[in-house]
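What follows is a set of structures for review.
The following pair of complexes shares a single chain, chain A, combined with chain B in the former and chain C in the latter.
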Partner chain A sequence: MTASFPYAGYAGQYLRVNLSTGQIQALPLPVEWAEDYLGGNGIGTKILWDEVPPEADPLGPSNKLIVATGPLCGGLMPNASRLEFIAKSPLTGIYGDSNVGGHFGPELKLAGYDLIVFEGQSPKPVYLLIRNEKVELRDAAHLWGQGGYDTEKLIQQENRDPDIKTAVIGQAGENRVRFASVMVSWSRHAARAGMGAVMGAKNLKAVAVRGTRSLRIADPEKHRDISFRMHSQIRKNEFFVGVHRFGTSGLVSLMHPMGRFPTKNFQYGSFEGFEEISGETLREEHLVRDISCFNCPVGCDKVYSVAAGEFAGNLAGSVEYETLDSLGASVLNRNLPSVLKGNTLCDDWGMDTISAGRAISFAMELAEKGLLPEAERDGLDLSWGNYNTMLELLRRMTFREGRLGNLLAEGAARAAKIIGRGADRYAMHVKGQDIPAQDGRAQQSMGLAHVTSTRGADHLKAFPTIDETGYPSEAVRRYGEQYMPELVDPLATRHKAMLVKDGEDYGAIVDSCGNCKSGGTFVMAEVYWQEQAEAIETMTGMPMDAAKLRVIGERIYNLQRCYNLLHGLSPADDVLPWRFTAMPSPSGNATGSVCRLDIMLPQYYALRGWDAETGYPSEATLARLGLGGALERVQVAVTSGAAAAVYAGLGWAAPYTGPVIDEL
Partner chain B sequence: MTASAGDALTVRVRYFNVLANYAGTKRAEVKVPAGTTVRELLAHLTDTNPEAFRRALVRDGALTSYLRVFRNDKLVAGEAFDAAVAGGDEFMLFPAIAGGAL
Partner chain C sequence: MFINVIPEKCTGCRACEVFCPLEQEGVINPVLSRIQVWKDAPHDLFLPLVCPPCEDKACMTACPEPGAMAIDSRRGAVVIVEALCTGCSKCIGACDIGAIGLVRQPGRGKNGKAVAVKCNQCNGETWCVKVCEPGALEYVAETPELNGQMVFERLRAARIQAEAVLAERGAQPRRKVKVQ
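Right, the complex of A and B next:
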């Protein structure tokens, strides 16, 4: 850390890289950024608010990409590995971020930087190489056109250092596929919201870092004590035995009876072929080995291979629950090796498997409903379950090949607007981002979470796992008896606004500190508000308690909301597609259920201190959070017509929210 | 379990995730006396399965809240644990799992 920075745990400086001019500056980290926003997600939000105007084209030079660690990243706490990418999203046109584990974050910190701000647009392909104080932009012409796996390997080879950690894009990012991802170390991805397309538009092929400096801890004895305590509690918790064994893929079997496993583009919530693509089958038939991120006691990550058949020899890493849905059940595909192949292609070419899969199931449903004539299918058989078509469309989207591939590379929501003729009815998204495999009819809180997420449809902002399947002891430990039993009932609406708000605020803290939402901070929250505050204080020396932390979490989330309001968003965008609110679920435990946003959303607004009609945070709310002036900026943008102009250019069709169109 | 063995019912039980590893099987057909409640069925299963199964789910002599049970695709909660099982019922048993891709 730099001598002048008052807090330990931080490197105390950051990099500002102007890709247009090639200028690289190492600057002192502003103390108020750390005190008011902690790091990662929070500081990234602050920079976006201050420096990236709503008129900025997400794929233009005015957009900025912030790659940020937090104060716990690289330290002793469980899974202190997480890294944030923040920018205006090319998929949604609004606030965007994506979080990833692996080993890059700690390495960046040990190189001496808390974060990097990329500005402008390079005239030619480059990559940034960081080796402690030596930071340079390198020519990347020879890397352009390479997949993520080879890019990582080539950078390590040409620098003669296998310990270099990389964040790279594949061809999808180069081609500005709007849901392109960033591969961070082998097979882990900052996948959502199109951060890879932002890099591609900037001609930034990769960031490579090697750090050999040290990181100071403010109170080593106390920090070691809480860290070891948390590691020990996570290791003893029976819950994490299953998480380690199956990772998130273990969810497939459970989501089937819950009616929460999106099937056939969300027409159903259960998949009769679920056992063929379940986590249990995946482990039994394809496991090579378990792997883990930096300093993680859980180890949910895996490497899989296919031994025989048409996909023999395929190696796949990090095959998540979401991918088993998006390339499996969502397209009615029960051929697991083909899902693994699709996973590998998305990893190498650099695409979010959720949005890629949703674009394909969207096209398949359009074909089913007669909204995509043969002449517009580029010769593809778009029948449900055709995994060869699924794999071919992944390729065509990556390389923007053909009319359909190029169209779907825009994402389902934008493609729906381009197609017209009612296609918007089958694009399952919120604010332009595709809905993940978390059906809000089967879990009311999740439906609300998609709507209130600041980056469009998303399960990870609020991550309301408490009522996902319901763990009474965990719910009582966190919230008390007064919310039982409704809080753990997935179909109940009562208390869910509270659950979502708390998750969003706490999630903003976790994503700003650098630890992991799957590593003991959310599902079975051994590390919750109090422990997180203790960890931050002992790591940094910054006075911290749970109450102060709650204010910071709220501040970050409200600033993201305000940023989106500058883009003309309003309560009219806080909606779910008709399939979730008008069409009762036909599946499992959710049979007959719709998502009751009409009940939960007003409660949520009230809890947040947001105006029911405008959706604006109140002046009092913002003043309490130290965001005075934010409301005035929003009001000026709206009354001047600037916000409406930005909104008109976002490019996606608002989801259809009318009555049921067609019965199953 | 109060009914006589002569009134035995057969239910299907499916184990998932680590419970299948602990039980050593994914599926079982279990005979219980008529009138057996879901709670009694679960107690029977924890008693008859290997020790690892019991260690995972029983704390201080009682089933933990880390067990999720679906009866014919409906989540069992509250009073539903005290309802009598019926012949042909299918029970799906899960340990604590939740989350999503990160």
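Right, the complex of A and C next:
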């Protein structure tokens, strides 16, 4: 859009908004950001590394929030909708990001900006309104205290334009709940890692954008060819119908028999009430409509409602597999309408359903194990399966009401440290972030992925899908015959380090470009290095091939690792809670299995070119990736004691990794 | 031939709004799309609006410029002859479903200032239909059971309801666009 920028597909400029002073600058996008880091996740990582020191308080003015699109966002490729939020995470205190679909990302690009960098802290509640070249901070006093749903509507109303796209926080973000989310166009949420709390701490209630400028494509014919080919292949993919009909919720029925469906705070991997909260039941009893993110043929997004009973009238956006676990199986709740209700509350108030649910199951287990005396329960019945307690705790966390609500709003890992007396044994997290509904005992690669994720426990960084339920045809297509059959065996450890590393590097590319991990790049794996490179080159005109793209992916991931090392993280943090490594799974196909991190992690370090003892990327690795100075910065931080000081202030307790506590 | 719209099947992905302007205008810009999707997910509103075309063709009657609107004899599409269009917007006001937009852009139209734009069925390529996975759009021949007029009437009724829903969000979507 900006004539001076050498590549199509980019807007060519970005916004820097200083919330302390109110200054707004539209700046040319540095060409080397695009060439070395592509966009989204990559550029956000680069800005964080350059501009946010490890000493910065995630909830203070020196943290920055980067809201970024990538070169494919807004374009022709399937689901070119994705937007990245990057900041230091209030939940983990280290590198944080959250990715979201919807329609906001494309709108931002079409308004003429590839990304926004928010700096400082506003003295009063504001929202940023972008209408092409008109960019202004507006008063948000009247929006403060409103939920996400009403905030979106009020912004559209007062600007008389229903096509305005919004990214807003609810009350949880305002109250700095450490796992607060950002709602992006009604049913989509950038939920993990507490990006909503970063906005709340900055007094930034919302970002609203309307863009009507035109975006140029470098080679329209060729780009349309590859894009339409990918649309068509995804539509023909064997998993298309399932993903379209159920979204992620279809996983409940698949994961239960595998022992991969965390139940009762990870005590079990199967839930006997699974059919009552399955994707099939959800669709049959509650579906209103299939909806879609921008330019997505899959349509895994949904509208659900409850027709009768105590939650009658409740309308919910997508109820994902993760939420069916965190507000369902994980708290032993088989009442599906209550899960829908909880989903709606988390969406409107703006909280990550995963971490919110895990905080509740953590509290329920503490009560069960006698670690949370009656006097500290604020009058709540914390017995398993009590969905009224679950819903009430969501409210108390959002509004930080009462001692327990306020404590759990810090997240399970921090709460465990505050409580002490062995509570850390039941906080199921890695690096402060709660483990999603992906049991690493039932899928070895997933256990490794939680540990090597740069934002703490996470399935979506490496997103190993091909060995989840076994995807042999896709595995052979991507990696060849030489890794079979172990590669698709969820319980085998062989080749999983390779799978995780490849997924992380490729995932960093996808999250930097603006297409979707669930829409053709990992789930329904039609788009891989080669196709992605072709799409980038035809869209932007930047010469690109798979080999070059792999280097960029590695560069992004290694820089995130280095950023975390500045915070004093070490291999001692590359661990899983005892339940994964010491307690054999009691459930389903995984019965008897533990996650063999001891085998996979050294292999992973070796593949990455990381030192086995320090966990540092080697000098040769970083030199190869053009990150020559990074190691020196890490070494200075560690030897000066600065990194240790930051580490001491992170706030969470590392999970208990000792032997099995006999309690089943 | 006409474009059949089945709003119940629309998921609001707007792939049509992405591929249409590339074919028609050579760029990505959904506001330049000749098909526009009105949506409000929580109110179950998903309404793709495009010229089927209808029987009456009030737009052509309203057009004061001889030859500026014509019927494509091969497919029956109502097309705008850009070189003769003054951008007066009379056709836009005459269309009950809002299937015509206005693009203000230097060099466009008879006066070099603005031009009305609408679906011309892409010479039969209809990219909107090709990329509509849920099947909310079909490009079909007229039959006694279904023709463009019936689609038009369906869309007109749906649009009245949609306006009421969108009023709660401030206004109805705009179809007049300035292109720099």
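Please note the rule applied: the second predicted complex is superposed on the first by the 663 of 664 C-alpha atoms of A that agree within 3 Å, B and C clash if a C-alpha of one lies under 4 Å from a C-alpha of the other, contacts with A are read in each partner's own complex, and residues count from 1 in each chain.
In this text, a residue touches a chain if its C-beta (ideal position, glycine included) is under 8 Å from a C-beta of that chain, and two chains touch if they have at least 3 such contacts.
In this text the structure is predicted, and so the values were computed from the model without any measurement.
Student: Superpose on chain A as described above, then tell me if chain B and chain C fit or clash.
Tutor: On the shared chain A, the partners fit.
Student: Taking the superposition on A as described, I'd like to know which of chain B and chain C A:Tyr127 touches: first, second, both or neither.
Tutor: After superposing on A, A:Tyr127 lies clear of both chain B and chain C.
Student: Looking at the overlay, does A:Pro162 come into contact with chain B only (first), chain C only (second), both, or neither?
Tutor: So A:Pro162 only meets chain C here.
Student: Can A:Tyr10 be said to touch chain B (first), chain C (second), both, or neither?
Tutor: Once the two structures are laid over each other on A, A:Tyr10 reaches no partner at all.
Student: Is A:Thr469 touching the first partner chain B, the second partner chain C, both, or neither of them?
Tutor: The answer is first: A:Thr469 touches chain B but not chain C.
Student: Touching A:Tyr616, do we find chain B (first), chain C (second), both, or neither?
Tutor: A:Tyr616: touches no partner chain.
Student: Which partner does A:Ser214 contact after superposing on A: first (chain B), second (chain C), both, neither?
Tutor: In the superposed model, A:Ser214 contacts chain C only, not chain B.
Student: To make sure I follow: the centres are taken over C-alpha atoms, the vertex is chain A, the ends are chain B and chain C. What is that angle to the nearest 10 degrees?
Tutor: It works out to roughly 80 degrees.
Student: Could you tell me if A:Phe294 is touching chain B, chain C, both of them or neither one (first, second, both, neither)?
Tutor: A:Phe294 contacts chain C only, not chain B.
Student: Of the partners chain B and chain C, which touch A:Asn99 in the superposed model: first, second, both, neither?
Tutor: It touches chain B, and chain C stays clear.
Student: Have a look at where A:Val303 lands relative to chain B and chain C in the superposition and call it first, second, both or neither.
Tutor: A:Val303 contacts chain C only, not chain B.
Student: Just to confirm the value: shortest Cα separation between chain B and chain C in the superposed three-chain model, in whole Å.
Tutor: 17
Student: Touching chain C in the complex: which residues of chain A?
Tutor: For this pair, the touching residues of chain A are 74-76, 103, 106, 110, 149, 153, 156-163, 186-187, 212-217, 220, 224, 228, 231, 235, 288-299, 301, 303, 315, 317.
Student: Mind pulling up the chain B residues that touch chain A in the complex?
Tutor: Residue positions touching the partner: 16-18, 20-21, 26, 56, 64-66, 68, 70, 73-75, 77-78, 92, 94-102.
Student: Under the stated contact criterion, what part of chain A meets chain B in this complex?
Tutor: Of all residues in chain A, those touching chain B are 99, 101, 191, 238-239, 241-243, 245-246, 248, 250-251, 253-254, 257-259, 270, 279-280, 320-323, 354, 436-438, 459-460, 463, 465, 468-474, 485, 488-490, 516-518, 522-524, 588-589, 591.
Student: If you look only at chain C, which of its residues touch chain A in the complex?
Tutor: It comes out as residues 11-15, 18-19, 21-22, 25-32, 40-42, 44, 46, 130-131, 133-134, 166, 168-174, 177-180.
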